[in-house]
Amino acid sequence: MSALEKTLDNKSARRERPWKALGKGPRARFAAFREEKPHLFLLALMMLVPLFMINPTTWAVLTISGLAMGAMVFLMASGMTLTFGLMNVLNLAHGAFISLGAFAGATVLTVWLNGYSGDSSLLVNLVAILPALGFALAVAGLVGLLFERLVIKPVYGDHLKQILVTVGGSIILLELIQVIWGPNEIPVPRPDALRGAFIVSDAIPLIGGIALEKYRLIAVLLGLAVYGLMTWVIDRTRVGVLIRAGVEDREMVEVHGYRIRLLFLGVFVAGSALAGLGGAMWAMYREIITAHMGDELMISVIVVIILGGLGSIKGCFYGAILVGLINLYVGFLEPRLAAVATVGLMVGVLMWRPQGLIPVIKV
Amino acid sequence: MSDAILTLSGVSADIDQYHILHGVDLEVPAGELTVLLGRNGAGKSTTLRTIMGLTTVTAGEVRFRGEPITGQPTPRIARQGIAFVPESMGIFSMLTVRENMVLAAVSGRMDEQRLNWIFDLFPPIKKFWDRPAGNLSGGQKQMLAIARAVIEPRELLLVDEPTKGLAPAIINDLADAFEQLKSQNVSILLVEQNFNFSRRLGQSVAVMSDGKIVHRGSMADLADNEEQQHELLGLGLGEHQ
Amino acid sequence: MLNAIFSGDTPRSRPLTAILLVILVCLALGPFLFDGTRAFSTLGMICVFIVVVASYDLMLGYTHIVSFAHTMFFGIGAYGMAIATDAMGNNFTAILVGLAGAIALSVVLSLLLGLLSLRVKAIFFALVTLAVAFAFLSLATQLYNITGGEDGLRVRVPRELGPAFRPFDGELRGFSIVTFLSGLFTEPGNLGEVLRESVFKVRFSGRELMYYVAFVVSLLVFLFLLRMVNSPFGRVLQAIRENEFRAQALGYRTVFYRTAAVIVSAVLATLAGVMFALINRYVNPENTLDFQLMVFILLMCVIGGMGTLYGSVVGVALFLLAQNYLQDLLRLFAAQVPEGGVMAELVAPDRWLLWFGVLFVLSVYFFPTGIVGQLRIWSQRRKPAA
């Protein structure tokens, strides 16, 4: 590198990272942390500030619940962020897949395998729960396949038309759900093994004695498992390399001989299936479902993918946790402001970092 | 002249509402390096993109090894053994150098011998193997782009202005690398503005102007004929770096 | 003269001109042509939504800005009026205060949204507006001591705009087209009787007065927008739609124009919300702020024809008629289909939206320019042949 290039490089580096000018002190280190790891910075801030307003045991319960909600929202949002990142497709019908998964899962739990989910043994419950989640995954994935071929394929590359046809497609899907399952809300009793709570031993300081709902812990674990699996696929496998490459430059992926449409179809189906899984989890969490539940959850999903940076799985994960936490904290302090706080968080982050916390693509 | 591996006959192509190519006739002889010259906007890059199926052909035919490939989707054209290095190089900057190479090896695994040959050809590839490709310098990116194109044996290489914006020393390295590829009997179609570079490597040459081929012949003939250079390229290329 | 009123942008298609004339006559003489409260409220909603959809088209069709916050501004107008009359009583001062307050709030909010769109790219804007509109909906639902929550608010309109007020003493008569046409089919021989039966008594009250206020406002707003999109300002918006970079390169500060379009559109939606509150005299989250309403606005705009203001008139008329009367049609179908089974569910009157959704998706694929665009294409195609 020539001397001139080096100075130019330094200059641009300074322009991009002005906090470097602060030197090496703790303030500079803090600024560097804030700018280079904005997701962790915001997460820490989000968890610490409420500690001053809420007593520690309540805080712990809220935090676990927030993580659980975040995990479920992550399942729903991950597919949408990837379809956008990979193919620049904005699927506003994503919420309908959440509803679809919820209804599919509920059918297995309450109709087909009702006897099993009513039993109090965990093993017997699992006979109902696992097929329910699997069925939700499969139905949403299959409908996703049809949806991509019939509705989205003809409008690649045209955002306006994508918004229009996916809004139309969403109406159709929601109406079909009501045709099949009827227009009324359906109660989904949670299987017995997932009811109840663990009591944290009194020996542990601060949070001793609090009750952690089992289901929330399971949601957190499932969310982490899916996040781990997705991270592994994306970071370590060949398909993951192709997906990351496709997010960056579709044309060059084709130039190397890969059919990106097929790859995209796969991602779309997987994303729809995950939305369905998230919907089924949400159904058991809320224990009541309506066709329009997906629309309501879409707001959280949209906030999450904007927060995280469109196309970023990592950003989506942290965004989902932030949304889950702020919902629970604010919901506890002033229930009426939970939704406003969620959207406020999004607007705030956009003002600070217009591309989201962990941007991958330039839109 | 040996048999042509690639033939374009009367190829026309549009980008949006603009007609870019008006009946391009071009032959790339097998096992040779053909240079495509011409001024900016003459349609050289579009010609390469059209061969790859990245722009829509409105008339004419592209044949590869005698088989028509006109209108086929890009991935299918690529899999028949054509590699393309665009002007922008098309490096995946978020991926590591290794991942860039893994992706280019369509068969799924990299041949060790071939990889070692590439490491010899372009030492920086080995040095920065696990670094993000976005951190490479311009010349190193160009090396990676060409390395990707040759990680698997391919019959035809389409390379768009590899010397653009590179320091003379690096251009020399690149020229050496192309010499090696030539000796391996790979057919290459090279778009260039740098006449010295072209003269050193090229066997046959084609000159484009306004979306048409206006001259075809051997490189040696054109290199010797300054008057023709003037006429075709508009300036004495001897002094044009 | 006519050309000046239409700002040089005439319908340019004979069938379209005919349709528009029919709509205009029906709206202008509405209370005298259709008998019954359902028809009357449909007419009023058509006037209100022409303003809503035409102003939405200014963003969507003319500038390609996709906003999902249009209902938010509509709701601000409606709630502004409801809250003002609730607090200050049913007088015209309250109406003025409500109108001014609502418009001020809309201007501020739309300015903020416009500025936010400075920071984020176009595709983000749609998502951001969706989230902001949702936050507003949730706020309106939750702050029940001000907004009445889910139950909503009654709007206390001044006596002059209510049913008790009689502007004229004399008796007015109308001529029911529906009765006339159906009579014409069922008893074509008995024309005199049919004609006599078609005449009905119109009780012209303050409600009809309010209807005519809405009609006139709607007409003026429409002509204003028509002037606007055909002015240099409107041309710049369309240039931005076609190619923002190029518009910028030509020296237009596109950010200014985009923000201006968003603000004008928001203010007009607020105005429509005010009229809605005064006509409907009852506002709640569902009829002013719901996401489904937003989707309906989008549907009306696209089906009528984006980027043609006439399209919003046609789209609104068609959609509201479908919303109010397609269910009757499906009920006829449903009567033919045996009870139970999926088929019966598919044609159940409540599922009218399913069919509209299918129609909508198909029209985006096959008639992307909407009804008006398609009519214009057809008449243009016929012209060289003739």
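We just call them A, B and C in the order they show up, numbering each chain from 1.
We adopt the following convention: contacts are C-beta pairs under 8 Å (C-beta built on N, C-alpha and C of every residue); 3 or more make two chains touch, one makes a residue touch a chain.
Keep in mind that this is a model prediction, so the values were computed, not measured.
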- Message: If you apply the touch rule, which chains end up adjacent to both chain A and chain B?
- Response: none
- Most widely separated chain from chain A, with each centre as the mean of CA atoms: B
- Pair of chains ranked first by number of touching C-beta pairs: A-C
- Cα centre of chain A to Cα centre of chain B, whole Å, reads 43
- With chain centres defined as C-alpha means, what is the inter-centre distance between chain B and chain C in Å? 57
- Which integer distance in Å separates the CA centroid of chain A from that of chain C? 36
- Task: Check each residue of chain B and list the ones that touch at least two other chains.
- Result: none
- Show which residues of chain C lie in contact with chain A when the two form their complex. 64, 66, 116, 119-124, 126-128, 130-132, 134-135, 138-139, 142-143, 291, 295, 298-299, 302, 342, 345-346, 348, 350-351, 353-354, 356-358, 360-361, 364-365, 368
- In the complex, chain B touches chain A at residues 52, 54, 73-75, 78-79, 84, 86, 90, 92-95, 99, 102-104, 106, 108, 137, 148, 167
- Across the complex, what residues on chain A touch chain C? 90, 151, 154-155, 159-161, 163-165, 167-169, 171-172, 175-176, 178-180, 183, 295, 298-299, 302-303, 305-306, 310, 335-340, 342-344, 346-347, 350-351, 354, 363
- So in the complex, which bits of chain A are touching chain B? 1-2, 238, 241-242, 244-245, 247-249, 251-260, 360
